[in-house]
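Letters A, B, C and D name the chains as they come in the text, with residue numbers starting at 1 for each one.
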Amino acid sequence: MSGNSFGKLFTVTTAGESHGPALVAIVDGCPPGLPLSSEDLQQDLDRRKPGTSRHTTQRQEEDAVEILSGVFEGKTTGCPIGLLIRNTDQKSKDYSAIKDLFRPSHADYSYHHKYGVRDYRGGGRSSARETAMRVAAGAIAKKYLATQGIKVRGYMSQLGPIEIPFQSWESVGQNAFFCPDPAKVLELEAYMDELRRDQDSVGAKITVVAEGVLPGLGEPIFDRLDADLAHALMSINAVKGVEIGDGFAAVSQRCTQYRDELTPEGFVSNHAGGILGGISSGQPIVAHLALKPTPSITTPGRSIDVHGNPVEVVTKGRHDPCVGIRATPIAEAMMALVLMDHLLRHRAQNAEVRVTTPVLPQL
Amino acid sequence: MSGNSFGKLFTVTTAGESHGPALVAIVDGCPPGLPLSSEDLQQDLDRRKPGTSRHTTQRQEEDAVEILSGVFEGKTTGCPIGLLIRNTDQKSKDYSAIKDLFRPSHADYSYHHKYGVRDYRGGGRSSARETAMRVAAGAIAKKYLATQGIKVRGYMSQLGPIEIPFQSWESVGQNAFFCPDPAKVLELEAYMDELRRDQDSVGAKITVVAEGVLPGLGEPIFDRLDADLAHALMSINAVKGVEIGDGFAAVSQRCTQYRDELTPEGFVSNHAGGILGGISSGQPIVAHLALKPTPSITTPGRSIDVHGNPVEVVTKGRHDPCVGIRATPIAEAMMALVLMDHLLRHRAQNAEVRVTTPVLPQL
Amino acid sequence: MSGNSFGKLFTVTTAGESHGPALVAIVDGCPPGLPLSSEDLQQDLDRRKPGTSRHTTQRQEEDAVEILSGVFEGKTTGCPIGLLIRNTDQKSKDYSAIKDLFRPSHADYSYHHKYGVRDYRGGGRSSARETAMRVAAGAIAKKYLATQGIKVRGYMSQLGPIEIPFQSWESVGQNAFFCPDPAKVLELEAYMDELRRDQDSVGAKITVVAEGVLPGLGEPIFDRLDADLAHALMSINAVKGVEIGDGFAAVSQRCTQYRDELTPEGFVSNHAGGILGGISSGQPIVAHLALKPTPSITTPGRSIDVHGNPVEVVTKGRHDPCVGIRATPIAEAMMALVLMDHLLRHRAQNAEVRVTTPVLPQL
Amino acid sequence: MSGNSFGKLFTVTTAGESHGPALVAIVDGCPPGLPLSSEDLQQDLDRRKPGTSRHTTQRQEEDAVEILSGVFEGKTTGCPIGLLIRNTDQKSKDYSAIKDLFRPSHADYSYHHKYGVRDYRGGGRSSARETAMRVAAGAIAKKYLATQGIKVRGYMSQLGPIEIPFQSWESVGQNAFFCPDPAKVLELEAYMDELRRDQDSVGAKITVVAEGVLPGLGEPIFDRLDADLAHALMSINAVKGVEIGDGFAAVSQRCTQYRDELTPEGFVSNHAGGILGGISSGQPIVAHLALKPTPSITTPGRSIDVHGNPVEVVTKGRHDPCVGIRATPIAEAMMALVLMDHLLRHRAQNAEVRVTTPVLPQL
């Protein structure tokens, strides 16, 4: 494996399964001197937490995070920050029903072929449960970025067939869907209720925006800011598509429509989503991501067991009928991690060291 | 910077600007024993080469590649492979017209703010000229993958507003557009001629497919196969969106539509694009990418110079009216690099070393 | 920072300070199927543990390790292994005496200048306490290597002025010094007692040996096996020198003395320490490391405080009079981590994937 | 392989064999704005060049380096710097004599077992010829470090049995041995002549010193400055030992001798070699390296061929009777690369971005 670290200078490494004892993360590379407490992380963890509305899984997890290191007298020290979240609601239910079969659209089949063994309890490592640690680590990045005037926020821009035009950031925090239009919330609730009746699930589209980003972040030609964002966002469970700015709409646009002209007052449009040549332009960075429908539904589906025999699969348990609903804080976290990493990388080359302490004359 | 390397075990590092003396690459991590000559690379370089039809830039580059190391008696040795392509048609024209201004939708503005200085001749490092080396390196990966039964191919699936349904791989090689439907070629040519008359450019959509991929490639949770593909494809110049399988179409699908059921005869559909939980499932891997319109057009656009004064920009020179037309071999190369890297990573954990030589008894 | 990860494919990331709540580690890249329990780690942790003889620090730490993830039904799953050790004997003593001054030969001065802030309790992150996690992670590597016939062991080869010729591995486990000659133990004890009376400390030399290593490990030209061993061993607290094979003795040797000739029965000597051209030769790998004297002694020394004023420093507390005494298991762990990483890297290129499960026919 | 890159932010990747067409390197991560020309690199290349005295190999290589990219109008642009050195004196002699056998103390045996194939001409990739590119890349680092007041220099401190106490930097540049004591040069020459008569070779010890290094460089706990130096120096061909400061002499010292006390006027000694807790202290950084005797001698030695049959080996050709004689510029280069990389890493966390250009108001 060794694919559980993210970032080059601001590096997040995580471990932990859905039904194991705990999730754990190490955040390495946070600059010293940042005021930090577990409460800072808890806010975003609570936004992602299951069980907060009838539209998400009913699993009850406090997701209480403990900071194990790297913070002293309320500030980061520059040393790695260890984070721990104990799993508390991993029911010791009987998994014999799914132990030997591959649930369609789940990772069962591919994990089985990769590793030979797999922790089948609640999806093990492939469960979205691991995203709690992404959110915790992302909250550290967000807090640091805020000190630099950078703000990362997201919202749901589409739920199944329902498109949601952006109205206001205030609205986003006032409903269970991260919906930016208060007028749409009832429609979303009705749709979700219908879905539950149909024993089905649906996809969603999330939009994430970073404002206040200085121009210059991104390291062409491979570690471009857009490429690293695509990596980060596509690494979230259930994500199947990523766009920067106009994304796929640019395919049918002509340059005279698409190009963002400049005037002495600034750019006159932002089709590019704030990134030119893989480097931030100073405009807001805008990304969209597509999430597939949750595979865990109670409508029976065809599959096979590990021996190749046909079986019928019904996924019981406590599942999200739309994984997109809780995805907004996760997408924000991943964008924040990318920006944080690139801010540090940019500094490495375009900055002078700030000498804070007089240095001794030397022998 | 230090963003010019790609891959963890099969690592490609490149350098070179559009109008500098040469492009250079080092491909590190190729297994020993692979038959390899510069002709193997030249084939794909020729597919990407400019000036092969009236629909692409008229710059004339032979793109003749020289292998500098890593190959001995016709086979790779396991040592790094150095590659060199001299630039031959970098006209020493007068660049004073664009030296101090920012061409809209180009990387001029962001490079200027990142580095302070920039090589303005033909876009310097931000030019798509560097993709020649991606294609050369990708050809090595393709050749190795072929020995493992893995084939990576691509085609143009949309040009501006014209959608192109897949008909056959034969067609792809028989026209200048990598168009998989021979019946569509005249329509594409007519559209391109119209575009040229309008002094405009347009976007495109490319589809890449890998067949014969064993199940098990991908290293969750961050180095998932889909996340690394997104990184690779989004790092190509002008790309603004990446999809795996159904991509954004999954947003409005229900699980009962989307999920790929299994039977003893195999999967019955491939909405997932061959990747489950970030790991290959053994089905064909399918990715789509969106390219924006080429920013270099002769229709005047508003911009500013480095001092903030308003200017009118007209991009003269030899430019592609649709960068998507030459993007197919580049996208294939990037997908091949990702698969090659993950094949090696997978082997590291799921393989036993093949002992080919009897080892001496030791003291 | 972001310097808290070690290894490319078998990656160990650690966090935790001497007097913080806990030490934590994530071991990423362990192949699936290895039987593993916390007892496997505890054995080596106990060998390193403080307080086991009168010749080491009297701090009492159980160093009880908890496996948080990556192991299911007694076997590794290929997913990252989270490890946790709670600190239990971090006395809440008064640190005001050392808070603002730089103890000579400690890391106080350099940490202060690097980070501006520092956790001064017991040395914080710079304390050798972090090596507990190296030992825990190394024990996983050792267990896997053992399944491949590779055994990593170490011993003390010099304590201060007393050289200790190797006699037997049996002796190493039978005294508090990891001394390979039972006849030397009394001399060592007498020397340590004298040292304590003198309120002084002393350096030591440790030798580590790996047997059963297949030829071929090491990735020239930079990631040579010897270079990575040097990195690993020099990263241990207090280490100031590393040798492979004859090391510095080779300086005054002639080639006719030094070179290891070969016969059909094998190599006739091992001056090279089992590594030729940065790649293992199949002979035993032999490395030596030099540890400086512990800086924490009660004999007063001159120093300055953070304001530049002269002060006299006396380091009280529970300290090792020779850090080398507990260094053997740490050195073994680091050598095991390097070998494990290189075994996986070697496999990536020289192995065929072992297909254990029949793969479905695909659509 | 994929072990041919060095450094995390200032990354050097090289390729090329002893008798192939060329050596090539890509230096990624050099800050923009550094004045640079091929003459800057040529100076150090000439110091390392073979054939400059009768005490080194008589191979004639101009080692003329060409900069292929990353420099525009005489200054670095922040884009990767491509470097090319054509091999000109690779005699097409008959290698059938050594093709199938393993020369003792060479890398033949281990390369054969690692890769199955090997370029046997002049040692292929394992030849010290590759160090030319280390020197070229190191010269870029040295030039940048000089702008920050950091100077890296080295000298020979021992040749075979002859210890050479440091007298002056002036002397180092005035003889073929990098000998810091003019009074010792005749003795060294006499010793070398005797060695040649005896058809033998000998080891050497090199010392490298960096002055003007700011305190704070180094990223514990694994990427400590001393650990990365050990990695860098041990990766040089023929190096078998590395020491920081007093190194192995610290083993038999007591703390009261060893510790470097501080006074308001600075440190009173430098046993630590300028590194405390893996971080630079601001004192001169001092490292020593041990090089083994060159394995290529004309005194016959026993060995075997690839089929296991006993053979007698005599290495003819043009070889250095002491590889240490040309090692000083290589050691300087490697130390410069480490310091450069750590300077950039340090800046990433302890610096504010220097905004040189007014940024536009944004939409």
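Here is the rule we use: a residue touches a chain if its C-beta (ideal position, glycine included) is under 8 Å from a C-beta of that chain, and two chains touch if they have at least 3 such contacts.
Protein names from UniProt, one per chain: A, B, C, D = Chorismate synthase.
Because the structure is a prediction, the values reported are computed rather than measured.
Asker: Between copies chain C (Chorismate synthase) and chain D (Chorismate synthase), are the contact residues mostly the same numbers or mostly different, with half as the line?
Answerer: Both copies, chain C (Chorismate synthase) as well as chain D (Chorismate synthase), present the same residues to each other, with over half of the numbers appearing on both sides.
Asker: What is the chain whose Cα centroid lies farthest from the Cα centroid of chain C (Chorismate synthase)?
Answerer: When every chain centre is compared against chain C (Chorismate synthase), the largest gap points to B.
Asker: Using Cα averages as centroids, what's the distance between chain C (Chorismate synthase) and chain D (Chorismate synthase) in whole Å?
Answerer: A distance of 26 Å separates the two centres.
Asker: Approximately how many whole Å separate the CA-defined centres of chain A (Chorismate synthase) and chain C (Chorismate synthase)?
Answerer: About 36 Å separates the centre of chain A (Chorismate synthase) from that of chain C (Chorismate synthase).
Asker: Multi-chain contacts only, two chains or more: what residues does chain A (Chorismate synthase) have there?
Answerer: 1-5, 8-9, 14, 29, 32, 78-79, 113-116, 125, 215-216, 220, 262, 264, 268, 282, 304, 308, 345-346, 349-350, 359-360
Asker: If you connect every pair of chains that touch, what shape comes out? Choose line, ring, star, complete or other.
Answerer: complete
Asker: If you look only at chain D (Chorismate synthase), which of its residues touch chain C (Chorismate synthase) in the complex?
Answerer: My answer: residues 1-6, 14, 102, 104-111, 113-116, 125-126, 130, 158, 160-161, 195, 198, 200-205, 215-224, 226-235, 237, 239-248, 250-256, 258-264, 268, 271-273, 275-282, 290-295, 297, 299, 301-304, 308-310, 345-346, 349-350.
Asker: Mind listing the chain B (Chorismate synthase) positions that touch chain C (Chorismate synthase) in their complex?
Answerer: Its residues touching chain C (Chorismate synthase) are 8-9, 29, 31-32, 78, 214-216, 220, 262, 264-270, 282-284, 344-355, 359-363.
Asker: With touch defined as at the start, can you tell me which chain C (Chorismate synthase) residues reach chain A (Chorismate synthase) in the complex?
Answerer: Residues 1-5, 7-11, 13-17, 20-26, 28-30, 32-33, 66, 68-70, 72-73, 75, 77-82, 84, 112-119, 124-125, 304, 306, 308, 356-360.
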